[in-house]
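Should a chain be cited, it is by its letter among A, B, C, D and E, assigned in written order, with residues numbered from 1 in that chain.
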Amino acid sequence: MRIFKLLTVVVACFALFAAPVFAAETVKVGALLAVTGPASFLGAPEAKTLEMLVEEINAKGGINGKKIELIIKDTQASPEKAVSFAKQLIDEEKVFAIIGPSTSGETMQIKNIAEAGKTLLLSCAAAEVIVNPVAKYVFKTPQMDKHAVIRIFQQMKKMNISKIGVLSSNTGFGKAGKEQIEKIAPEHGIQILVNEVYDKAATDLTAEVTKVKAANVQAVINWSIEPAQAIVIKNIRQIGLTIPVFQSHGFGNINYVKAAGAAAEGVIFPAGRLLVADTLSDKNPQKAVLVDYKKKYEAKYKEDVSTFGGHGYDAMMILAKAVEKAGADKEKVRDTIETMKGFVGTAGVFNFSAEDHNGLDLNAFEMLTVKDGKFVVYEK
Amino acid sequence: MFLELFFQYLVAGLTYGTIYAIVGIGFNIVYNTTGIINFAQGEFVMLGGMIAVSLHSLLPLPIAIAAAVVLTMAIGALIEMTFIRWLVKPAVLRMIIITIGISILVREAALHLWGESVRSLPYFTGNEISAFSFGGVRVSPQVLWTLGICSVIVISLNLFFKYTMLGREMRACASNRDAAALCGIPTRNMVTLSFALAAGIGALAGAVVSPITQTSYSIGTGLAIKGFTVAILGGLGNSMAAVAAGFILGILESFSIWVMPTAYKDAIAITILLAMLFVRPSGLFGNKEAFRLKDF
Amino acid sequence: MKRYNHILILIAAVAGVQVLTAVLGKQFYLTQLTMTAYYCIAIVGLTLLMGFAGQISLGHAGFFAIGGYTSAVLTTLDLSQFKDSSIVSLLAKLFIVTSRQDLYGGQVLSFNPWAAFIIAIGLTLVIAYIIGIPVLKLKGHYLAMATLGFGTIIYSIVLGTQRFGAADGISSVPAFTLLPGLAVSGNTEFRVRNYYLAWTLVIGVMVLLINLINSRVGRALRAIHGAEDAAGAMGVDTARFKLNTFILSAALASMAGVFLTHYNGGIGPSEASIMKSVRYVAIVSVGGMGSLWGTLIMSTTLTFLSLRGYFGTFDDAVFGAILIVIMLFSPQGILQFDVKALLKKLLRKKE
Amino acid sequence: MALLEVNNLSKRFGGLQAVKDVSFSVERGMIKAVIGPNGAGKTTLFNLLSGFAEPDTGEVRFRDAWIHGRGPHQIAASGISRTFQHIRLFSHMTALENVTVGRHVRSRAGFVAGMLSLPWTHREEREIREKSLNAMEFLGIAHLAHDEATSLSYGQQRAVELSRALAAEPEMLLLDEPAAGLNMRETADLANLIVRIRDRGITVLIVEHDMSLVMKISDEVVVLSYGEKIADEKPLAVQKDPQVISVYLGEDEC
Amino acid sequence: MLRIRNLDAGYGSLSVLRHISLHVKQGEIVTIIGANGAGKTTLLKTVSGLLRPKSGEVLFRDKDIASLPPERIVFEGCSLVPEGRQVFAAMPVRENLLLGGYVQFKRGRSSEVKADLERVYGLFPVLRQREHQLAGTLSGGEQQMLAIGRAIMSRPSLIMLDEPSMGLAPLVVKGIFEIIGKLRDEGATVLLVEQNARSALRIANRGYVLETGRIIKDGDAADLLTDREIQRAYLGKDLDAEN
């Protein structure tokens, strides 16, 4: 009876894994992050940031004396895992709140689950659908794509650009941006002549940019969050397109600038101020927070800080602040967040309300550009 | 304008094609001596790029690439010796699964070693925005480098397999392991050698294309799938055919973008290729005669 | 009957686990076990194709996705604005299209999950038939490539189409009410019911497949696997048998896709990805190609552990390592794993 | 009317004319042999007859139906069974299971009936088993029924293959070099066996090298050379045919 | 030249050869006859290293080669023409032969390989005609010649042939045996495994009879040819008498 023996072993294994965890008086925070897999450039810095923050908070004695217990689940950016882990965190770990997921697709898959489980969800993904329609327990910390698009269009107006080409990657980020661009463009008198989606893992995009070139546009917007966006701008310049190139806030990672080298020069994009923290005037309300986070992160992990880690930072800090204020009561914390005003985070100044579970406005974005391989504020 | 566009798409297709072709060749080398489709071939490309980038911070570019190639060859040989050498007549599917396992392990090791960020070597000549212009059609110098190195690889491989004793020995192993052993050929070493060779070519490719494609721990899988497709479509065992099939796939993809939404690029290219495969089941350029004589 | 002995053990195990979790107060395990069950259906179906008909398919996630996506699209498609068109009102009369309330209180007029399920399976059958005829003429690596290509096409379509939610996939898929009081839904209060439902399906599929492999058809399939031309010479219509098996296993994958999508309340493009297909093939291999039970055990174990997230960021690495270890030391699958023989072999080598 | 009639059959592989304009017929109840030097096209001819290759031109009529261009399974269903030059048993199956596959054409349970395990399929299975065991008994290998087929000795494997072909209760049996790899003693046994098979009313067409076997049992012999038929006569006449001797037999054989 | 003592061999747990002892002297043709499944091919596989013996020793020129891999054994000068020819099907005839010369090449005598090639072409003129044809497209007889030619290319001091007549037409078989005779005349030592006992014994000096893994008889070929028991079992002399 080989099968029977094996079954016994398997069951025994399960029992072992299932050993109960007796937690002390802690605040359990779950995190669903794409630490590995195709969206690891989002999830990995987010996870690192959360670990750093929790360590710091706990070292200070926790929030109101309660330590934070952080449970990070690596979803590898696949929705079915996000679903499974979300249920696990809610039903089983009975977490206080969930931070993440990193991608919009995953967030949308578990939005209902968090809602049904009455568990706070602080998403680190960008898409507007996450908070529109508003779900009672679902918040998000990254800026609105809508606002980024508006900032870009406003800039275009200044530059007298009306005919554009749009490229976006086939990820949730790309999709969300593309939809906003399509929706908002007419209001700003912008005409989209080419609108193409490329593969997130593309290795060369000469053909795609050739299509843009053929359409005789005045500017290009590229909306993506993966490394391929560095390839896009290289290819644009290589085939001799000299028109202005706009990127999304997904460009907020100095690695992409390094990868694109000379091609990154002059790219215009909206972003949070984290990337230009050092150059901000001391009057800027965000400066202290940004510099502090940047310094700590870069000292601890010996790598450049990125805006994505910042989304994790904001989520954790908002949660911590609300818990500090309202105590470890889910409902009260939720209400506190919903009414939180003037919270200074890396992405901007958050002003939540019952209708707005993002709390950021147009001002969260600054138009940046790349000069000599560095991010600087775009001034024109 | 039409002609210019045509050639610009063609250039794009050639760029894609070279990358696919060079991976496809690696598949063929291992297949030729062992009958194994080595799905870890994409990982060799990744390792070549990653190691070269890492070494480049210490060494000049050509030396860094050479060292990366040698190191990857050693890794390839090591993988063969650890996982494959001692298996007695393994079934095809078993080998496919083992190489998939190896590819996953290598990828995960790379993730934990290098992290998730992308890197790339500098352009060999010029920089990210330089390009040669041929009557309005613009080509990045790195594309020419890649094309050139790909041709050198293909030509030297062909010469190697056709005219050197070692190449002939490797082909003999591919044709009939036992018979090769009975001719006094150390068959196991040939297999190790073929893994090292495939790894070396993959690594060289990985280093050369990295300025174009960039490289990160996860780049191998996608390339392996494309390389496998190309190797099969060309007709397994024929490196020249893999190159041709690579260009066909690249050009199909690029021209499909011209007329269709780019999101369906893969679907269109693969559909056309499958249709070709159904018409010619031995691959586009597979020698029908040799195909019949081979034992699958 | 002897052939059902293992089924009895499985039934006992399914009930036992449920009772155990209830006693221990750890019923949350049932969530992942339910999801696991659906993946098992797809994988067991693939075992029939690979282990018995001897045909590899590196595109099976494609069929899973066809099922899941078709059902998801049809049940979330809001037809309210076409309410008055004659087709929609006819469909509504036939209960193919029904009205329901969505999460935010709005009325949605969309396909009845039953109708969507039937359409999904029907579509899968048609696609599998059309694809199967040319693809199954290929052999070995060429067959692997062609099925891989099929998978790529499906993935590319899913990912590139707005209607399918592109990269985000489709969420807010409603529950699938099979019978009054029995709905496929991720809702916690239905957890135990769904667990039994899912595993009943697995058991049902196992019974059908065990019957099949012990029948004339199963014998013919094994004959095809053993020596295809000899099977042909014995009167086995090899092309038709391979095709039917392909279609059957595609339908099982598709069915799994439909159910899991309703259970999870959504589906994403990663379900259609090549890596998913590769994972299915790998599980079938390590379970032992010719063993439905081996693959069932392997897929239950691996999928469950993965869905529980036990290996954290090493999930893929552990999976890869398991593949290698089993294929190196026990190529006939986990059930044939013989520790004693292995030790003996290792010891002898040292001498 | 002859049981099998072959008219002007031709097949070309690339540059090689494997079978050229071959015609012959096989009467019901006879043993007919096809001989010829290696590469003469015997195996190709066999493959054409059993549906493994499609003829370029020419016709094959079996009983009342044209069977050229049909698939192997259709030809098998019409009542022709064959064996292979290199034994092709189904691996990982017992000898009995191998033989039961031979009953495939005489049974009908399909996917649905199989999955549902309908009662009549059990009756059918019983019958399949009985008839298969009968076939094995006829060849004297019933005691090997539960051994793994591919682990049997060479001669036993030949017997399993033959009983598999017989289990289909064919009207005609095609034997492709059945004596290859047998010693003289075993060959003699085989000769007896083929005669016994014929006596059961099964027409036999045999491709063979072993002249002693061919001459002893066959009623008529077709000689092929380079794809063409050069003789179609009684064995004794063939032995004396100067053309046959020059291309095939050699001067002093036996 | 070759001396086998108490050799046991088989596949996995299956034992095929039991306590085989035999020897081959310089310059003679020794044949091993026996029914199918008696273990003849296993014996040659074991000697040539394709199969590892379970116990016993294989001395080739007084050196124990029992544990060497096949490629080393070829270097020792012991070459096998395997059953079923096993030519490199997808390679041309000439390359097949050159690969046979690999051993010479490695011994540093690549200059002699050309001459050896000529010698093989001399023995088998048909191979010269088909020099550039893919080996797999040759007829069975031609492939057998190629396989023998390939083995000769390594300048073996002992050449082992496994069923050279299998599946060949009588006329071709005759040709093959003529060539084996020619090899002997040129001074080669031959170990021949044959189904076709009569032809084999006619050409051989001595013979061994193998039955179910054991040697049951040995002696001069001429004696074996007239041995009544052997005649009955392997030569089919009483074929007609029985019926």
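Here, a residue touches a chain if its C-beta (ideal position, glycine included) is under 8 Å from a C-beta of that chain, and two chains touch if they have at least 3 such contacts.
Since the model is a prediction, treat every value here as computed from it, not as a measurement.
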Common touching chains of chain E and chain C: B, D
Set of chains adjacent to chain B and to chain D: C, E
Remotest chain, chain C as reference, centres from CA atoms: E
Identity of the chain that, by mean CA position, is farthest from chain B: D
Whole-Å gap separating chain A and chain E, where each centre is the average of the chain's CA atoms: 73
For chain B paired with chain E, centre-to-centre distance based on mean C-alpha positions, whole Å: 42
Inter-chain centre distance, chain B versus chain C - centres from mean C-alpha coordinates, in Å: 32
Touching two or more other chains - residue numbers and ranges from chain B: 108, 261, 263, 265-266, 289
Interface hub residues of chain E, defined as touching at least two other chains: none
Touching two or more other chains - residues of chain D: none
Which chain pairs touch, all of them: A-B, A-C, B-C, B-E, C-D, D-E
Interfacial residue positions of chain D with respect to chain E in the complex: 36-40, 85, 151, 153-155, 177, 180-188, 192, 209, 211-212, 247-250, 253
Chain E residues within the chain D interface of the complex: 14, 35-37, 139-141, 166-172, 174, 195, 197, 232-236, 239, 242-243
Chain C to chain B touching residues, read off their complex: 50, 56, 134-135, 137-142, 144-146, 148-150, 152-153, 155-157, 159-161, 274-275, 278, 281-282, 285-286, 289, 314, 316-317, 319-324, 327-328, 331
Parts of chain D lying in touch with chain C, wherever the complex brings them together: 50-52, 71-74, 76-77, 81-82, 84, 88-93, 97-98, 100-102, 104-105, 107-111, 113-117, 121, 124-125, 128, 164-165, 168
Chain B-facing residues of chain E, complex: 48-50, 69-71, 74-75, 79-80, 82, 86-91, 95, 98-100, 102-103, 105-106, 134, 136-137, 150-151, 154
